[in-house]
Structures are given as structure tokens and as C-alpha cells.
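The structures come next, written out as C-alpha cells.
In the two complexes that follow, chain A is the common piece, with chain B as its partner first and chain C second.
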Partner chain A sequence: MRAAVPATTSFPRFSRVVRPGFSAWAIAGLLALPVGVGLAGAMLPAVGYMPALGGTTFSLAPFRALFAQPGLAASIGLSLASGLLTTAVSTLGVALFLAAFHGTIGHRVARRALAPLLAVPHAAAAFGLAFLIAPSGLLFRLLALPFGFDRPPDLLILGDPLGLAMMAGLVAKEMPFLLLVALAALSQADPDRRMALARSLGYGKAAAFLMTVWPTVYRQIRLPVLAVTAYASGVVDVALILGPSTPAPLAVRLLGWMNDADLSLRFMASAGAILQVAVTGAVLGIWLLGERLTGAMRRQAATTGHRYRRDTGFRIVGSLPVALAGSAVFLGLLLLLVWSFAGFWGFPDVLPPSYNLTTWERVLPAAAGPMATTFLVAILAASAALALVVVLLESRRCQFRAAAGRAIRLQPAIAGLIYLPLIVPQIAFVFGLQVLVMALRLEPTILLLAVVHLIFVAPYVALALADPWYALDPRYEQVSASLGHGPITRLFRVRLPMLTAPVLTAVAIGFATSVGQYLPTVLIGAGRLPTITTEAVALASGGNRRIIGAYALLQTLLPFLAFSLSGMLPRLLSPQRRAKRAP
Partner chain B sequence: MGLKRVAALACAFALIAGSTTWAAEVDPTDWPAVLEEAEGQTVYFNAWGGSQNINDYIAWVGDTVKERFDITLNHVKLDDTANAVATVVAEKAAGKDENGSIDLIWINGENFVSMQEAGLLSDGFATKLPNWRYVDTDNPSVTIDFTVPTNGQESPWGGAKMVFFADPARSGPIEEMPDSADELLTWAKENPGRFSYPAPPDFVGSSFLKQVLIEKVEDRSVLQEPVEDAEFETVTEPLWEWLAAMQPLLWRSGRDYPDNYPAMKQLLADGEMEIIFAFNPAEASAGIAAGELPDTVRSFVFSGGTLGNTHFVAIPYNSDAKAAAMVVADFLISPEAQLRKEDPRYWGDPTVLAMDKLEPADRDAFAEVDRGIATLPPSKLGPVLAEPHASWMTRIEEEWKKRYGS
Partner chain C sequence: MKRDPFVPMPETAAAKIAEDHGLVLSKVEISRGPRRLLAIDGRVAPGSTLTVMGPSGSGKSTLFAFIAGFLDPAFEASGAVLLNGRELTRLPAEERHVGLLFQEALLFPHMSVGENLLFALPARLKGRKARHAAVEAMLAEVGLADHFHRDPATLSGGQAARVALARTLVAEPRALLLDEPFSRLDQELRATVRDLVFTRIRQRAIPAVLVTHDPADAEAAGGEVIDIGEGGSRDAP
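Let's turn to the complex of A and B:
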């Protein structure tokens, strides 16, 4: 048996693996490549080239057919509005909430409530909201008794032509996400000293926060905000459940054309995919313009000399958006639970007259397999994403070896590549990706599915981990290095243990992202790898609220466990860590 | 992992997958050979997964064929059959001519015609299946799907007939319900906001438009031929007139539509809609049994006839489990499987078999099926209106989208 090798000898080997630059580029390139290939796969049919369907010449006919579609302008308008309004309301809600509650008990309550809110998949939250606000939903059942109506009012609430219900559903899910990243960024924005300074100049609490702390927080969370913008402009599942149908937003119509039995529509659908990319691009452009505008307005407000001291009313109003979104999602989830146990439950009964276990007895045996698949794929994708992201972040840090206290960020080009899957609408490139996977004769396996999920999981893990990773005081590792420990030892004995909480949160976010994937799972899994999400969507088409409730809850369960564990593990591990810190 | 190694891995995958067997045709006339080849094969059956009843029925089929023929049946639950068609298209586009991901697909109408025209289906096999001898071949719709001959490229699975449902506890006696499209319009004038139909291209929604078209058209025979541009407008004019009158009377004033027929069941249960319809005569009984509908709901049809058709299973050209897929298709038309399917406790879908071709014991068993309190007996289902040629559906959907879909 060989003697234990001193840890220091691993140093040269490690630095070869993480050669600054190359591995980062390789990883970023690998993650972005499928997006590029998928887009190319949409681009060719969009200009008429798809030999399998007889398209061998280039032409603009697919685009002409696309622009001749009735109601296309309305669809584009819906996508634009959805991208902009959802993000504006969500961001504003987060800013107001933090301004009103920073450093108070509300702040801590919100932090606690975030994990379960984030765990609810978009589709489940949308169904919950539908059960709440539909004319036959809980709210109108509560109103039915005092106002004496025995059947639901004929009101167009779900699927309203302006897409308000859809945007409400999106806001309810995106606001908690932005709040999470904002809370993480807050600690680095030096809020206490900035607030103290602004308060000493006589500003009210909320104004002090919005003028001194928020701009820094926003700069830090800009990327997640842009990701929300892109997502909301190309969303499919929430739009299908809550959005208008005549016409539907562009992404939904695109999916319809892609899946149409009339195969010639594929050309037009590909042109539509390119249009979707353009629409999302336009939304992002408008958002960036809006950023400048609000920045200018804020500066103007700051130079008027107003101190905005009386802000009690403002603080009550400021708490509303986040509180409404949070309670809507929780109430919706509760409704899903009640429906899954309900017998016949007609309008206007507020609670079901009878309960039974029939739904769960039928659902559970059928759901076991998909649950296992979901778990395996998600854990594989999330761990692989973590490994890649750590290598990526470390290789960048190596270039700043001695720069203590200096802010490190990923090179813009590399960041652009990793975050590409967050900015390019999924629906625009997954169909092209599907053709590539088939052309490579890749069989649908758990591993392949995990690799495809990795494309969407890795950016979120990077998003969650980058800031805490670079914020850790480098002097801990310098001390460790001075004791003769090599980089691998330092990584596993110092850095990772000290960053347990953010690392686990990042893994949980990655895990939840994988669980929620629908289109890539259906297309790449070729239906042979049903996950709880694909089953939920297929069964939801039957419109049975009991089944929908049961599956939405099952869909929430895995991410919820992941988030709970990520919150609990660091505390469980902490005695050991304390011992390590203070020997 | 370096780029090179990934590329190498991808190549290796490609080689392994490329070396698998070719999707050869299977000859169903040599049935013992088919059974032998089918042993141990896995069939990926792509079928709409929106109904728990149907899912449970397919699971039962899976258990049975596993036990008897050593075939593994995996139900791939679809939210729309067109997705499966799109998958086969994508596979053909990628040159994946063997080892395709779909072995059996639940299909009919325009989806079938699309696949047949694009050469995405296996050679004809249905009429050579052993259990074909029980099939009711006097019913033209088992070999002619939406006026297009099936050439045996799909095997019948069940019958469908449009039936309407209402709740007499809310809406008055079932006998006083409308008896034609015109009467439905009159009823809607008296009860605005209580009727609607799923927006085309939903299958049931499009079928409802065809029902109205057949009732209102001057000469029904033109619908049996492929649509011709010149005549489309004049032939369908009565349909658009009827719809224009109906539009403001619809649920939500026609500004939104139910997603599909299961969504209409929920709307009936909540009292938002008072008349709904489905393609399965036992839908209401099954809905009552599942706690989705109040037990006061009953069925009715138009005495002048309602649309009827047959739904099928087909085998894509690139399946590599064709033998097993045929064995499953054959089992699906066995008296045993058809009997269970007709029982509303399991599904309630009408059989495609001819009673006079069955053994006496099987015939008795069919006669004894309890169709449920809200299901009309076969004798009261009224005449069947034949499906128009599939091209009419496509054109009507386009035109509808132009007028109401945007």
C-alpha cells in the first residue's frame, strides 16, 4: 500500500485540469452549443429548407405564410406585453417590498416562505390560481352565498383577451424568484451603512432604500431579471392554462403549428420560431431602454430635495404585491390539495360535501415510475451542473489569485454563452435540437435526458452560485495555502464547507429547474421517459380537477423536499463546522 | 470532459444505435411466426392520456399481453395525438428509418390521412389479423376513415358517436331538449351563455362544426368528395350563417372557448353550461361514476342523426416492434378486450365487433353490459351521419380560425 500522498502534490495536476481560460470556454461552449445547433435547425426550415418534407430550395414562403396568419399581430402584442409587464410588476414588487420591510420581521417571514413558493412548478401554480379566480373558483363560491347566485357568473376571467390572468400567474411565480436573488444580493450592497447615511440626511426609510441600496441590488440581479423577461415573453405552460386562446400568445401558437398533423406547417412554424427569437430580443431591448429611463427618473427624484419622510401608507401598499402573490400561490396549492380528495364538488359549495381516497389510489401506483425518473434526472443534472459551474468559477478565480477584496465577475463572453439558454426562448430551439438528437441516433436514456436538462439547469446554478462564490473572503484560503494545502484541499476543506448554504441552494434551484422541464423532456425523451411533469401535462388535458390537483402536488413535492433539505442540511452540519472554525 | 471526448462519445453512441436491426415489414398471414417474433418485444403505445379510465384500461391491456404473449406495453400518454404524428415526422426528417420511438398509435381522421399520405405508416395489416373475423365489416367506417380507405394500415379499436348531455335537475326534462342544430340555436336564444363548443382544431369541437354543416348543407354527397376551392364557400355558407347567429349566444359570448370535451364536463358540473356533448355515449355515466358529474345528468341525441366514426390503432413505418404491435392490435379487437372496453365501469366505448359473428356466450356477455343510468341504449342512439372527407375538416378549421380564432 502506498503512503498517503501529501495534498500539495495535487497542485500541478489540478491547475492543468482547470487551466484558466480553456476549461471555462469549453464548458460555456458546450452549454451554448445545443442552443446554436437548435436555432440553426429552426433557421433552415424557416427559409424553406427541409429535405425530409420536400423542401429543397430556399424561399421566403414560410415567412409569408406566417405573416398571413390571422391575429398574428395580436399574438406578438401579447408576447411583448407579457414579457414587459410581468417583469416590470415583479421587479417593482420586489423593490417596494424590500424598501418597506428591509431589516424588519416581514423580511424574515418572506425569507422563510420563499423555499416552498419557489418549489411550486409554474404549471401547478397556474392551476392553483385558476381554481382560485375562475368564475367557478373559490373566490366566487365565497361570494355566492351573500349575493345569492347558484351558478358561476358568465365572466371572462381565465383566458381574457388581454392576458391579464396569464400575467398574474407569471408574476405570482416570478416575484418570489426575483425576491430570492435580491435577498442574496442585498447583503453585498452594504445596506446598513448606506441606509444610515441616507437617513442621516433626513430621507424616509423607503426612499433611503430605493435611492441608495436598490440601484446596487438591481445591478446585481439584472441577469435574473432579463431571464424573467425572456421567459415571460416565450412562456407556454402558464399561457396554455391561464392565457387567451383567440388568439394565443406567439409561443403557444408556435407549439400548435409544430405539433400539427399537417406537416407542411412545419416550415411556417420554424419561421415562427425565428420570429419568437426576434420578439424576445425586442422585449429585452425595450427593457434595457426602460432601465435607462427609470434610472434618469430616479436621479431626478433624488435631486428635487424631497425627503419622502412620511411613508407609512407607502409601506403598506409596498407590501401588497409580494403578499398577494405569495398568498395566491399558497391558497392555490391548498385548493389543489382539497380537490385531490374531493368527491363530487359542485358550485357553490365552498368545501366538498364528500371526500375520498379514490384519486390518490389511482394516481400513486401510476406515478411511482415517473417520480423515480424525475428524481434521477434532476439529481444527475443538478450535480453535474454544480461540478461544471464550480470548475468554471474556480478557473476564473485562478486568474485573480492575489486580488483580495477585488470584485470578480465572469468574462462577459463566457457569461453570455452560459446564460444563452435563459435568454433564447426554449421553444425556438428545442425542436431543432430534437432533430439533431435523432440524427445522431441517440437513444432516449436517463443519461441523455439529464444532459439535455443540464443545458437549462447549469445557467440557474451558475446564477445562484456566482455571487456568493466570489464574495467569500479569499484570506481564508490564503491562510490554508500558507499551511501548505493545495487547491483541491482548499476547495474541499475550506471553500465548499464555508459555502455549504449557497451551494445547496444552487443545487436545489437546479433540481427544481430540471423537475419543471416539459418540452425538452417530451421531445428528447421521445415519450419513453415520462416524468411527473410530462404525465401531469398529459393528464391535465382531461380537465379532471382531482387528477390535476394530485399531479400538481406530486410535481411540487420533489422540489419542495430539495429546498427544505437545502435549508436544513447546513444547520445539521453546523456543529462540525463550528468545531472546524474554532479548533 | 474535453470537447474531443464528448465528440468521441457521441460518435460511439451513433455507431451503437446505427448497428441495430432494420425495421423490416412483418407478414401477419403467418401468425405463429408473428407471435414468436413478438415475444420479448416492447411496444410504445402513443395514446391520448387525458382520461384516467382509458389509462387504466390500457394498463389492463398491458398486464394481459405481458402475461399471454410476453409483450411489454408502455403507454406513452399524449396530450394531443398530433404530437405523435409530429414525432414520426421529425424522425423521418432525421433519417431515423428504423428503431423509431413509436410502435403503435391511437389515431383516426386527419392525423391518419396525414401519416398515410406522407408514407409514415406500415403496410396494411389490419384485415389479416386473426380477430378481424369478428369485426363488423358491414359498418363502412371500419375500413374507410373520413372517406379515405384505410388499406388495412390501421386496425379499428372502437366506435364513436356524438351524444349530447344535460342536467334535467337544472334545465328541465331531457325530452324537451333541442332535436337539431336549428332547435339548438332556438334554445340558445332562450338560454344565452349556456352552450359552447371546444375551439377547433380540437377534435370534438371540429366535429361539432361538421355536425352542423351536415345538417345544414343542401347536398350531403358533396361532402364525401375532397373539397374543391370553387365550391367551398357556397357549400359551407349555411354553417357560417348558423355560427354567426350562435356566436353572441355562446358561453362567455364566444370570447373564449372550452379547451376540450372534458373541460365541458366540468362546466356542466359547475352549472356554467347546460348542454354539452362528447363522442362517447357512455361519457356521462362514466363521469357520474368518477364523481365529476352530478348523478342527475342524462343523454340525448338529434333524431335526424349525429356524427359517428371509428377510431383506430396504426403502426408507424419505422417501428422495430411491428410484430408485437400487431399482436396488441389483434388483442384489442378480441371479444374479451372489446367487452371490457364497452363496460362503463372501465371505459364505456362502443365495440367495433359484429354481434352476429360472435360466439353465443360472448354475444350474451355484450347484451348484459350495464351501460349506466345516463347512457342511451344502442337502439336509441339514432342514425349515424357519415364523416365528410378529411379535407373539409382542414378547410373548415382554417376558415373558423379566420373568423373567430383571432
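Let's turn to the complex of A and C:
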């Protein structure tokens, strides 16, 4: 018989073995380590040191070669603009939407309608947008009839030199993402009572929201916003599909040098990776300055006493950005589907006159292998991430046993370490890891790829799981402990079963994150481990819309299935328990 | 008695105004589906407080939301609320000039104490200096001079409650709704803050409605007491 050890005596024994919180630091360090190692791996060749390629003396030659590249300033400018504009437009769109629609039906509609968009990978969304806005895309087909033109207009829309199409593609994907994150964070800003208070003081709805609720919401979603900033300033996949090529944004050019057959270019690529870190750092710095500036403006506006009561018309303006982004992605997906089944489809026709299965008959056999690789890597990375994140969150909770019931959060330092891979540009440190992999003569395997994906999957799993994990009433476990159950039993028999739904959602988010990874897959897989994502992006230059449509749909299919399963499984697992499903 | 600063008072209609003045709840009935939650008919004179008592779930907060303009569409309400002769029921919340005090102080965490009050101070008072002075004066009135730059998170419960009161008053409300504003305070503080609130209400001559389940609150308020009790309704007299 198991001895009924009171909870209070079992914890000190447990903590003598492992100091509480130690594993949290260990795991956070483990996740951040590749960033440091990768940056070092990029830094050394950047100053001329790479024995494998005969670089044994330190020199600034790689940087001189880099700065001699034509159009480098334009590439840097594109990266800066992409990082700043994408984030600014996306964040502003979210703020306006919430200000206009908080507490209305539109709010609920948006949540329902946008949630599936989380499943759409960046590349698929970008292809969809391309099919929509290209001169021969749906928009111009719809315009062709009333304006009477019978051939696509001669306009440079995709790959425009200012990168507008690229930024539109990024915004279309990031704005719904940030809106969903903001909707989840909203309840912590006590919106109903704050709005009631501000309106009883005479403020119009929109002003009341922006001045009293939004600042708290923004603080909650700041990390994802910064992740968007970093991502957009170092983007590769969306840039390859929608971005300019003469010159391309910095990260795209770096990838070209990194994969060049001429290995000596890697010195310059390393220097470029360091430059990319500086560019992303500058974007983040400017963004933080902008935060201060808008904060000061908001404070100013909130102290003059103006009530901003007239906000009719605001709703229409406020709904536009989110509605445009959401419908662009949805329409884009539909176009991918239509193209994948289309027979001959001439220009002004809005729909193809005939459909066939030829495309799919060609694509399915070829895509089976990459799909299997994608699935395996994603499921491995997501499960490993879940295990790590659970240990991390539990280890933090152990420190709070005495004050159970108090609000628990990860220490800022640990959170910073976990999220570091989302803030440092991928291309910089993953390239360093590639250099390391080469130096260690490691073969690219599915396991290796999963380990690298894990670096990017774990932060998102942690982001998704932390709040529900710490929101569970600690008394359930106190009751179990008083019944004589140890920490492991409590975790597996009480906590995890009660949190089935959020755990599965977190796994699905991790899975989707892995499926969407382009850059780490290309760099670490070295072309020998094609996934559905690398195959799809590789099709961008070919321009066969039917094949692209099919691949992009397949790329969306895996995350979509993961989200659908994560939504259905809790009900299938325990159909008889009603209370458990209640959030 | 001090005149309500918002309402221009034409001398010719003085008699009518005496009647109009205050908060009139005219045949207010609120129900949810088939269930009638409460029915109230009456007038709260300027400077006096109507106390509505009842257990939780009896519809106290619903009445509160109805007067302030935040009634959930799930409820059906009939009757009218008039404030100094002006019907509130059809106005949006931001045009009612009804001040709210909640159980919690609800100070905006991203603003300093002074900024919380500046946010409430009407825009009519212009100029940074004048606005700051008005806020400082209000803070001094509730015994918190020199707290302008404090972070609300560093205040004690009693201080936060007083800042909340100051914020509500500095907006020059024409009526005040109090939703158990003292229940979070400990016994000692409760008496002081309660005293402060009801003194201000009398001084400023604004009608107030207090929702509570503490008989001591009702006693301190000193006005009419309505018990909407277990049955959930009180018929119009």
C-alpha cells in the first residue's frame, strides 16, 4: 500500500533533488543555446575564420566583399521597411478593429472566422494572395468585363521594387494572427468595466477602448508583435513568392549566397548574417521608440479631457483592415483550390470553363514523400516541445507551492530566453548552425531537422500553454495530494486530463509552426530533406499555377487537420463529461 | 444647497425645476425572459442617496447597468430614468453624466494617479497648468495631496478607493451610482471612506443610488432604503 504522505512533506524532498526552478532555467537555456551557438557560428566566418573552407586568419574581407555588392542599400531598405510597415499596419489594424467592435457581434464573428486562418502557412497565404492580385489574377479578371480589357494589364504587381506586394502578403497573414492573440489577451484587461467607467466619464466607445483597454492588451501581446517585427524584417519564403528580386530583401540574398555552389561565398554570407542581425536590431529599436512615442501621444490625448465622442464612421474604417486581410487569405485559398482542378483557364474568365484531375494525378505521387517528411518532423518537434514546455511550466509552479492560487507567470528572464529564437532573425543563427552541422559532418536527418524545428516550435507551444496551465485551480492538485498522490500521478491523472483541450491546441499550434518552417528546413536539410513547404516555395519561380495551387493546398492541409483534430479529440476522448469541456 | 453646475436654471420655471431636480426612476421594470427582476418607482432628490438592498443575483447590478446605460440586451427594461428633467434612457452611456464607483477602485494601471484624474476632468478646463491645479485640488480634497505622480499599483486599498472617488467627482457627474464601493475595505477604512463619499454627495447636491447588502452602508447613506429582497421584485407603490 502506498503511504499517504501529506503534500507538505513530499515537496521539500522533491526539491532537494532538483532545486525548484532549476529545470526551467535548464530548458530555457537549452532552447536559447542554439541562438548563441548559431550566432557564433555565423560570426566566425564573418571575420574570416572557417578552417573547413581554408579560412584561418581573421580579416574584414568578408564585410568588404559584402558592402561591395550592388544594391545592398536597397536590400537593407526593403528589410527595414518590411519589418516596420508590416508590424505597424498589422498592429494598428488590430487596435482599430477591437476599438470599433469590442463587445459587439462583429467581435465574435471575427473570432470564429479568423481562427481557421491560424492553420494557413505563410507560403500558402502568399501564393493565394498572388493568385488574387496578379495582373492575370482574380481581381483583374473581375475588372476586365466592366472596363473591357481582354488581356492582363501590363503592371508590375508581384515583385514590385518597393516590396508592397510582399508586405501585403505579410500583413494578410500577421494581422489575423495578432488579432487572435489580442482577443485571447483581452479578458485580462477587464474591458467591460473599464469601458463602462470611461464611457460614464463621457468618452466615446472607440476612444474609451483605445485609452483604457488597449494599453493593457498591447502589453500582453507585445512579444508576438516583436516576433512579427523580427520575422518580417528577415522574411524569406513570402519574399521569394511576392517580393522584389532586383534587388531582393537582404535575407533572400543571404540565402542565395549560403546555398551557392561557390563555397567561398559563405564568408560573405556570414558577414551578411551579422548585418541582418543589425538590421533586425535596428527595426526592433525603432519599433520600441515608436512604442514610446505613441504611448506619449496617448497619454497626452488622455489628459486634455477631450471626449472624442463622435466616432460614427469609425466602425467602417476600423473593420476595413481586418476584413481585407481575412478575406484576402480566404479568397486566396479558394483560388488555390480552383487552380489545382482547373483545365484551360483563359484570361478574362472568372472561373475556369472546365475542371480535371490531371494536376492532382501528377502532384500526389510526387508530394507523398515530402508530405511524410513534413508530418514526421512536425509531430516529433511538437511532441518534444510539449514535453519540454510542460516540465518548464511545472518547474516554475513548484516554486509557488506555498502561495498556491497566486497569479503565476514565467520570470521575464526565462520568458526572454524561450522567445529569443523568435526575436533574433532566423537566417542569421540558423546559418551558423548549418556551418556547425557541416563542421561536425552531421548528415541531415529527420531527427536533426526536428531538433532545429523544435527551437521555433517550443516558444509558440509555451506561448499557447502558459496561461491555461497557470489558470487551473491549484486546489484540484491539493485535493489529490491530500489523497496521497505524488507529483507525477497528479500531473498525469489530474492536471493533464483537465487541460486536454489547451494541451491539444498547443500541440496543434506547434505542429502548424513546424509545417510552415521554410528557412531552417532549407538550410539544415541542405536539399536532401524536401518538405511540402520547401517544395511549394521552390515552385514560386516556375509559375505553374495548377501545381502551385495543389502544393500550397497540401501545405495547408496538414496544419488544418491538426487544428481540427485538436478541436474534436477532447470530445471524442470523454464524451460523457460536460463540465470538463467548459473553459 | 449648491446648484448643479451643469443645468442652466431659468428663474421662470423654478417651481417645475424643484420637482424635476434629481434622479427620477419612473415605473422602471426590468425582466429577463418571463422573470421580472425588479420594479422601482421613485425620485432621488439632489444630495440624497437611495439605497437598494438585496442579495446577490437579485438584480441590483442590473438596475445599476440600466441607469448607467450598459444594460445587456438579454434584459428587457421598461419605464424611464430622468436626470434633472432630461430623459437618460435613450442616451448613450457617454452622454448621461452618471458617475460610477465600483467595488474595486479600477484605476487605470497605465496612468499615474494624476493622469487618472486628468482623464476624467472635463475638457472645458483648458491649459496644462489649470488642469493640473484642478486635479491637485481634488486630490487634496480626498486627503491625497502630493500623490499626483504615484503609480496606482503602489496605493493602499483605502488610498485607491479615495482616488477612485476623486476621479469620479472631478468629472462633475450629475448623478452617482455606487456599486458596493465599500465592501472591499476593512472595517476601519470603510467608515472613513463611506463618510467621505456621503459628505461629497451632500455637498455637491447630486442624487446617488447605492447598491449594497451591508445595512451599515444604508444607515450611513441616510436616505430611503429599498429592499428588492428574495422575491426579486418590489412593486411600484
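As a convention for this text, the second predicted complex is superposed on the first by the 490 of 583 C-alpha atoms of A that agree within 3 Å, B and C clash if a C-alpha of one lies under 4 Å from a C-alpha of the other, contacts with A are read in each partner's own complex, and residues count from 1 in each chain.
Operating definition for what follows: contacts are C-beta pairs under 8 Å (C-beta built on N, C-alpha and C of every residue); 3 or more make two chains touch, one makes a residue touch a chain.
All figures in this text were calculated on a predicted structure; none of them were measured in a lab.
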Checklist entry - Of the partners chain B and chain C, which touch A:539 in the superposed model: first, second, both, neither? => result first
Next on the checklist: After the superposition on A, what does A:154 contact: first (chain B), second (chain C), both or neither?
Outcome noted: first
Next on the checklist: Just checking: does A:202 make contact with chain B only, chain C only, both, or neither of them? Give me first, second, both or neither.
Outcome noted: second
Item to check | First, second, both or neither for A:483, with chain B first and chain C second | outcome: neither
Next on the checklist: Quick check on the superposed pair: does A:344 touch chain B, chain C, both, or neither? Answer first, second, both or neither.
Outcome noted: first
Item to check | If touched residues of chain A are counted for chain B and for chain C, the larger one | outcome: B
Next on the checklist: With both complexes overlaid on chain A, does A:68 touch chain B (first), chain C (second), both or neither?
Outcome noted: neither
Checklist outcome for this item: Both chain B and chain C touch chain A at residues none
Item to check | Contact footprint of chain C on chain A as seen in their complex | outcome: 190, 193-194, 196-205, 208, 211-212, 215-216, 219, 299, 302-307, 309
Checklist entry - Along chain B, where are the residues that touch chain A in the complex? => result 2-3, 6, 10, 13-14, 17-18, 44, 46, 48-52, 55-56, 59, 74, 76-87, 89-96, 99, 101-102, 110-111, 114-115, 118, 170, 193, 199, 201, 251-253, 255-257, 259-260, 262-263, 265-267, 269-272, 290-295, 394, 401-402, 404-406
Checklist entry - Contact residues on chain C for chain A in the complex? => result 68-70, 92-100, 102, 106, 108-111, 115, 118-125, 131, 171, 173
Item to check | chain B-facing residues of chain A, complex | outcome: 26, 29-30, 50, 52-53, 69-72, 74-75, 135-136, 150-152, 154-156, 158-161, 244-247, 256, 258-263, 266, 342-344, 346-347, 356, 358, 362, 366, 431, 434-436, 438-444, 522, 526-528, 530, 534-535, 537-547
